[in-house]
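Shared between the two complexes below is subunit A, which has subunit B as its partner in the first and subunit C in the second.
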Partner chain A sequence: MGRFLLKRLANYVVLVVVATTLAYIVASLALNPRSTYEGRNPPPPAAVVEQQLTAYGVNDKDPLLGRYADWIGGVVLHGDFGQTVRGQDINDQLGSRALVSLRLLVLGSIIGAVVGVLAGVVSAIKKYKVTDRAITAYSFFFIATPVFFTAVLLKFGALSVNDAVGSTVLYYTGYETPNLQAGFWGHVADQVGHLILPTLSIALGQIAYFSRYQRNAMLDVMNSDFLRTAEAKGLTRRKALYKHGLRTALIPMATLLAYSFGTLAVGATFTEKIFGWHGMGEWLVDSITSQDINVVATVTLFTAVFILISGFLADVIYAVLDPRVRV
Partner chain B sequence: MSDVGDDVSQVPLLSVRDLGVVFPGGEDGDVPAVRGVAYDLAPGEVLGIVGESGSGKSVSSLAVMGLLPRNARVTGSVRLRGVELLGRPDGELARIRGNDIAMVFQDPLSALTPVYTVGDQIAETIRIHQRLAAGPATQRAVELLDSVGIPNAAQRAKAFPHEFSGGMRQRVMIAMAIANDPDVLIADEPTTALDVTIQAQVLELLETARQLTNAATVMITHDLGVVAGIADRVLVMYAGKAVEQGPVGPVYAAPRMPYTIGLLGSVPRLDRPGQTLTPISGSPPNVSRLEPGCPFASRCPVVLPVCREVEPELTPTAVGSAACHRADEIVDGSIDGVPVFPPPVLAQARGLVARTERPAVLEVREVTKRFDITRGAVMRRKVGSVSAVDGVSFDIREGEALGLVGESGSGKTTTIMEVLSLQAPAEGSIVVHGKDVAGLGRRERKELRRDIQVVFQDPLSSLDPRLPVGDIIDEPLRSFDVPRAERAARVGELLRLVGLAPEHANRYPADFSGGQRQRIGIARALALEPKLLVLDEPVSALDVSIQAGVLNLLEDLKVRLGLAYLFVAHDLSVVRHIADRVAVMYLGRLVEVGDADDIFERPTHPYTQALLSAVPIPDPVAERQRERILVRGDLPDPANLPSGCRFRSRCPLFVELEPGQQQRCAEEDPALVEHVPGLASACHFARERTVVPG
Partner chain C sequence: MSAPADPLVVADDAAVSDHPGQKAPSAVVVRGRRSLVLRRFRRRRGAMVALGVLVLMFVGAFLGPVIYQAITGWTYSTQDYTAFLQPPSPDHWFGTTQIGQDVFAQTMRGLQKSLIIGLLVALISTGLAAVVGACAGYFGGWVDRALMWGVDLLLVIPSFLVVAIISPAFQSAGWLVLVFLIAIFAWMITARIVRGMTLSLKEREFVLAARYSGVSSAGIIFRHLIPNMSSLLIIDATIAVATAIIAETGLSYFGFGVQPPDVSLGNLIASGTRSAFTFPWLFLFAGGLLVATTLAVSVIGDALRDALDPASSRAGGTK
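Then we have the complex of A and B:
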C-alpha cells in the first residue's frame, strides 16, 4: 500500500513539473510584458525597458529556455517565485492570496460536501417523494445556473436582508471592513459577515452537484443484497442504511470530493471577482490582462500542487474506505 | 385481538396462513407475487419449498422475515410461537430477525458487506441481540467461523469477504445465521451459485447447523435433488401459489398435481440415463395477467374445461394436499393407466459403427494454455505462469457427444475457447476433420468455421436484441455468400427443425422465452450444417421444465443430423443424459476419460467419484441411502500447486492410504493411463467404485 502511494506521488510530481513548464512556455509566448512599458506616457527610454524586463526575467529578447531555467531554479532552490511585471515580489502576495482563497474554498467545499452527501442520502431514501423532488429541483436549478448569476442573486438577497434589518449584516465586498476598530470579537463577526455570501455561492453549487452523485450511489447500494443481509441480522432499515449502505456508497464519492476540491482552487475566479476577494483566481485573470508571465506560471504551479494534494488525498481516502483496493 | 394462543406448547413454532404479497404498479399492473401460501413448522423440521423462477418462493420467505420493500402489500398471517409478526413496526421485527429467525442468502459475495471484515460482521450480528462487549463478541465470531469449518479462523476473521472463495463465503453466511441460535433458519437457494462438490459440503454443514441449534429449516431451491436429500416435507409453488404439499417421500413417489409430475419428469437423473425427459410445454404465466381458472391450465396435458374456469384450492389427498381438479384421478403419474406426461418420441440412435471405425471430427493433442503472471505497472515483467489447460488430449468421433465436466476453474471453458479459436495452440495441436489448424491460411480457417459452431450459455446476451430472429439465423449464411432465395428457405427450415415456426422469423429475441431463445441459438449454430457443435453450458440458465425440452431437442438433432457435440456443463445429470463419452477435468488436466456408462457406473478416479457422489438425485429413498464422498476444501491456487498429484490436497482416497503410498502421490505426477479396459484415469491407486445407485 505504501509503495503504491509513493508511486502515485512520484507520478503527481512529474505532472506538476509538466504543467508548470507548459504554463510558463505558453504564457511566455502569448503574453507581451513589453507593452506595459511601451504604453506609458511619457515612454521610458528603450534601454531602461530592456533592462527592467531582463531583471524581471520576462524579456522576450532573452532565450526562453534560459529564462525558464532561471525562474524554475529560483522556485526550487530558494522558494522565490520572482517578481511581477511591476517589480513587486510575488512571494509577498502569494501567501496572502492563497490564504484568502483557502478560507473561501475550504469552508465552501466542506459545507458543500457534507450537506451535499446528506441531501443525496435523504433524496435516495425518499425516492420519488416530495423531499426527493424538492432536492432534485434544487439541484437542477443550481447545476444549470452559472455561479456569477447565483452570486448576483445572493447580492440582491443580501441587500434586502440588510434593508430589512436596518444595518449591514451581510457584506458583499471584500473579506473584511478596512480599518475596523471593534476588538477581537468585532473582527470575528465582521469577517464572518463577509464570508457568508461567497461561501454560499460556492457551497450551493457544490451541494447541488454532490447530492446528485450521492443519490445515485446510494440508490445502487439500496438494492444490494448485503443491505438485506444487514436487516436480516436484526438491524432496523434505518441503521442498516447508515452503517452498511452509506459507508459503502461513500467509496465512489471520495474521488469526486477530493478532485472537485482541487479544481475549485482556481475555479472560484468568478466568486472572487464578484465579491471583491483578492484570491488566486482573481490574481490569475488580472495577471493575464496585465501581461504578467511570472504570476501566470506561479498560479499554475499553485493549482497543480493543489490538485496533486487532492489526488493523493483521493487515493488515500479510497484505500481507507475500500479494503478491496488495499494490496 | 389476542396474539398468544391458549397453550403455547400446542401452537406450531412457525405458522404461515394465507400469505399474500402484492407489488403495486408493475408493467402490467399490480404483481401478485404470492397468492396464498400456508405451512406450519415444528422445531427441527425441514421444509423444502420448490419452484421455478418467478414462482414466489423467495418472496414468500422474505415476507416472513419482513424484508420486502415498503411498497409491497403483505396479507395473511405469520405467527412465530403464536405471536403475529405481520404488521409490526420495523423496530420490533428487527429484534426477531437474526435472533429467532435467521436467513442464508443465495449469493454470498453480494450478500456480505464488502467493507467490513467477516469477523466484524458476525460479531455485529451477535452484539445486536446479545449484551456482549466487543472483545467477547469477536471471540465468539472466531469460534463460530471455526465451527463452520473455516481453517485458521482467528486469522481469517480479519479478512474481508472478497478474500474468500464462494464456498467459504457461504460458510461465513451460515456462521452468521446461527450466531444467535435461531429457532427458524431460512435458506434461500444457498447452494445455487456453487459447484456440486462445494454444494455437498455446504448442505452437510447446514444439516450440522440444524442439529446443533435444532432450528426448523425452510429450504428454498429449484433443485428437486437437494430437497429429496434433506427435507422432511415439500411445498411446490407455481405462479405464487402452493400447488402441492406433503411429506417428501410420498409426494416424490406419487405426486398428484400435474405440475409436480411434470417437474419430476423433466429433471435429468444421474441414476436413470436412458429415461426420456417429459418437458412441460409453454412457460410460466405472467402473474399480473392471470386468466381465471388454474394457472397451470395452459400447460397441462390433462386439462378439463372446469380447469379454465375455477382455480382449484389446495385440498387434502391421501398423503398431503394438491391443488388440482383431477388430483383424485391421478395414480402414479397416470390417469386410467395413461401417463399425464406421455414421453415424447425422439429419433433413436441407429445401429452405429464402433467408435474406432468412425472418423474423428476433432482431435485435441497435448494442448496447453498458459497465462503469464506479471508484476510492475511501468516495467511489466513476467514472474511466472499459470497453466489453465495443461497437456489435454481427447478426440470426438462423428456422431458422438463428449461431455467435459469439472468444477469452475478446472479449465473447461479455456479448453473450448482454444478449440473455437481455430488458431495453433501455444503447445500441442488441434486437428479438425483431419486438418491441423496450425497450417491453415486465413481463407481455409474461415471455411473450417462452417464445421464447428457454438451455442452459448446465456441465450439472451448471445443474441443481438436489435435483430429479428430471421436475420440472426441468416447471418452465418450471409457471411458465407449463400444466395438470397436459398437463405430464406433455409431460415424457415431451421426454425421448424428446432421446434419453432417460420413465422417467428420476423420477431425479436425479447419476444421469446428463455427456452425458445436457446432454440434460436441452436438454429443459428446449425445454419451452416456443422459437423461439430460446441455447447457451453447450454441449459444452465434455464428452468428445469424448459431445460428438458432443449435437452430433448439436442438429443433428437444429434441422431437426425449425425452431429457431434463437445458439451461443457457443470450439471453432471445433464451430461449423463446427453453424453456418449465423458472427460473429467481437474486444474487444467484430464483426470479420467471414458465412455459415459463406464464413468458414471464404475468411476476409478477419486475426483470423479467425489463429483458424482455430490450430485443429488431427486429420489428421497435412494438419495438418503447414498454414501457421500466429500472432497475437502476448495481448488488450490493454480499458481501454487501441490507436488506430485494435483488432486492430493483434496483427495478423499489420499487420507486413507498407507504412508508409503502417500509418498508416491506426493512425488509422482500420475499419468492418464487405462487402469480398467476403456477407462483412462490419472491416479496411482485407481479402483472402481459405484457411487450412483443403479
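Then we have the complex of A and C:
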C-alpha cells in the first residue's frame, strides 16, 4: 500500500510541475501585460514601461523560458510568487485569498461527498420508491443547473427570508461583517453565517453528482454474485449490504472524488464572484481581465496542488477500501 | 468480419410468457435492436416529456425569432426607444432590457447559439474520446501510458481556467474557436472509460478473428471496437451536449465566451444577474431556459443509457 501511494505521489508532483509550466507558458503567450500601460493618459515613457515589465518578470521582449525559470525559481527557493502587473506582492494576497477559497472548497466538498454518498445509498436501497424518485429528481435538477444560477436563486431566497423576518438572518455578501465589534465566538458565528449560502451553492451540485453515481454503483453491487453468496452464507440482507456492498460501491467514488475537485474549484469561482468573496477564483477572473501572467500562474499552481492533494486523498481511500491495492 | 450477434435481437416481451397454463402465442415476434431500443425509450414517460421539451427548444431557438419578428417586428439587435426595462407584455413577450432590446428575441438567439455550440462540442469531444481511448486500450504499452498521462495532465489543469486564459486572444476569430477550445478539454474522462472497455473488447473472439484475418489496427479500431461501444458513445455525446452548454454559458458569464454584439445565454444571464432582484425577467427567462434545456438533455441521456444497455436494471421497462 505504501509503495502504491508513494508511486502515485511522485506522479502527482510531476503533474503539478508540468501543469504549472504549461499554465505559465499559455498565460505568457495569450495575455498581454503591456496593454495595461497603453491606455494611460499621459502615456508613460517607453523606457519606464520596459523597466517595469522586466521588474515584474512579464516583459514579452525577454525570453519566455528565462522568465519562467526566474518565476519558478522564486517559488521553489524562496516561496516568492512574484509581483502583480501593478507592482503589488502576490504573497501579500495569496494567504488571505487561499484561506477564503479553501474554507469554501473544503466545506463544499465534504458536505457534497458525505451527503451525496448517503443519498445515493438510500436511493439505491429504496429503488423506485418515493424516496428514490425524489432524490433522482433532485440530482437531475442540480446536475442540470449551473452554479451561478443556483447562487443567484439562493441570494434571491435569502433576500426574501430577510424581508419576511425583518432583519438579516442570511448573509449574502462577503465572508465576514466588516468592523464587527464582537468577541472570538461572535466572529466565528458571523463567519459561519456568511458561509451558509456560498457553501450551499456549490454543495448542492456536488450532492447531486455524488448521489447519482453512488446510486448506480450501489445498484451494480446489489445485483452482484458476491452479495448473494454473503446472504447464502447466513448474513442478513442489511448486513451484507453495509459490510460488503457499500465498501465495494465506494471504490469508484474515490476516483470521482478526485476528479470532482476540478469542477468544484471552477464552481467556487462563480460563487466567489456572486457572493463577493475575495478568493482565488475571483482573483483569477480579475487577473485574466488585467492581463496578469504571474497571478494566473499562481492561481493555476494553487488549483493544481489542491486537485492533486484531493487525488492523493482519493488514492488513500481507494487503498483502504480495495484490498487488492494493499498487496 | 462482423461483430457478434446482437443480444438485443430478442423476442417481444409480450410474446413470451412465464406463467404456466397460459397459452403460448402462435408466433414469436422478433424485434431488431433499433425497434427494441426505441420501444424501451418510449416507455419512459419522463424521457418522452424531455424529448418534447428539447424539440420545443430547438423549434423556439431556430424558428421562434422568425415567427416573433413577423408578429412583433423585434429582432435580437433592434431597440425599442419607447420601452426601457419594461416587464413582459404582449408587445415584448419577455420584457425589455436597459437599452430597449427585446428579451424574448435575445433569449432565443442566445439559446440558438448555446444549442449549436453544445452539439458541435459533443460531436468533437466524443469523437476525440473514442479515438484516443480506443488507441490507448488497443495498443497498450507506451502508447497507452503516454495517452493516459496526457489525460491525467489535462484533468489536473481545470479546463475552464485554460479556456478562460486562451479565449480572449481569439475573440476576433468568433465563436467557432470557442467550440474547439471547450471540446479539447471535454473528452478526458470518457476516453478513460473507452480505454477500459477496449481492454475488455480486444480480447473478444471477433476482434481476434479480425486480427488473424489481416485487418489493420486502424480497421479494427474504427470498424470493430468503436462501433461496439456505440451505446456508451451515444449516451456520452448526449450528456456532453448539456456539459458543453453549461461550460459555454459559464465562460460567457465572465465575458470569456460569446462576445457582444452576439448573444448567448451566458452573457444574458450575466447582465441579468446584476438586476435579478429588481428586474427578474432579465435573469429568469434566460436562466430558466438554460436549466430546462440541460435538464431535458440529461433526462434523455439517462433514458438512452437504460434503453441501450440490456443489463440495465430499468432497461426492460419493468419495475
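FYI, the second predicted complex is superposed on the first by the 311 of 327 C-alpha atoms of A that agree within 3 Å, B and C clash if a C-alpha of one lies under 4 Å from a C-alpha of the other, contacts with A are read in each partner's own complex, and residues count from 1 in each chain.
Please note the rule applied: contacts are C-beta pairs under 8 Å (C-beta built on N, C-alpha and C of every residue); 3 or more make two chains touch, one makes a residue touch a chain.
What you are looking at is a predicted structure, and each value in this text was computed from that prediction instead of being measured.
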Give one of first, second, both or neither to describe whether A:V188 is in contact with subunit B, with subunit C, with both, or with none. neither
Thinking of the overlay built on chain A, is A:A10 touched by subunit B (first), by subunit C (second), by both, or by neither? neither
Just subunit B (first), just subunit C (second), both, or neither: which does A:F140 touch? second
Superposed model, subunit A: greater residue contact from subunit B or subunit C: C
Considering only the touch criterion stated at the top, classify A:L235 as touching first (subunit B), second (subunit C), both, or neither. first
I'd like to know which partner A:I307 touches here: subunit B for first, subunit C for second, both or neither. second
Answer with first, second, both or neither: which of subunit B and subunit C does A:V161 touch in the superposed model? neither
Going by the contact rule set out at the top, does A:V169 touch subunit B (first), subunit C (second), both, or neither? neither
Considering the complex alone, what residue numbers of subunit C touch subunit A? 152-153, 155-162, 164-166, 168-169, 189, 242, 246, 249-250, 253-256, 269, 273, 276-277, 283, 287, 290-291, 294-295, 297-299, 302, 313, 319
Where on subunit A does subunit B make contact in their complex? 7, 224-226, 228-239, 244, 247-248, 251, 321-324
Write out the stretch or stretches of subunit A touching subunit C in their complex. 11, 15-16, 18-19, 22-23, 26-27, 29-31, 127-128, 140-141, 143-146, 148-149, 152, 155-156, 159, 219, 223, 259, 262, 265-266, 269-270, 273-274, 284-285, 288-289, 296, 299-300, 303-304, 307-308
Given the complex, residues on subunit B that touch subunit A span 62, 65, 67, 90-91, 94-99, 102-103, 105, 107, 110-117, 124-125, 128-129, 160, 162, 173, 176, 180, 377
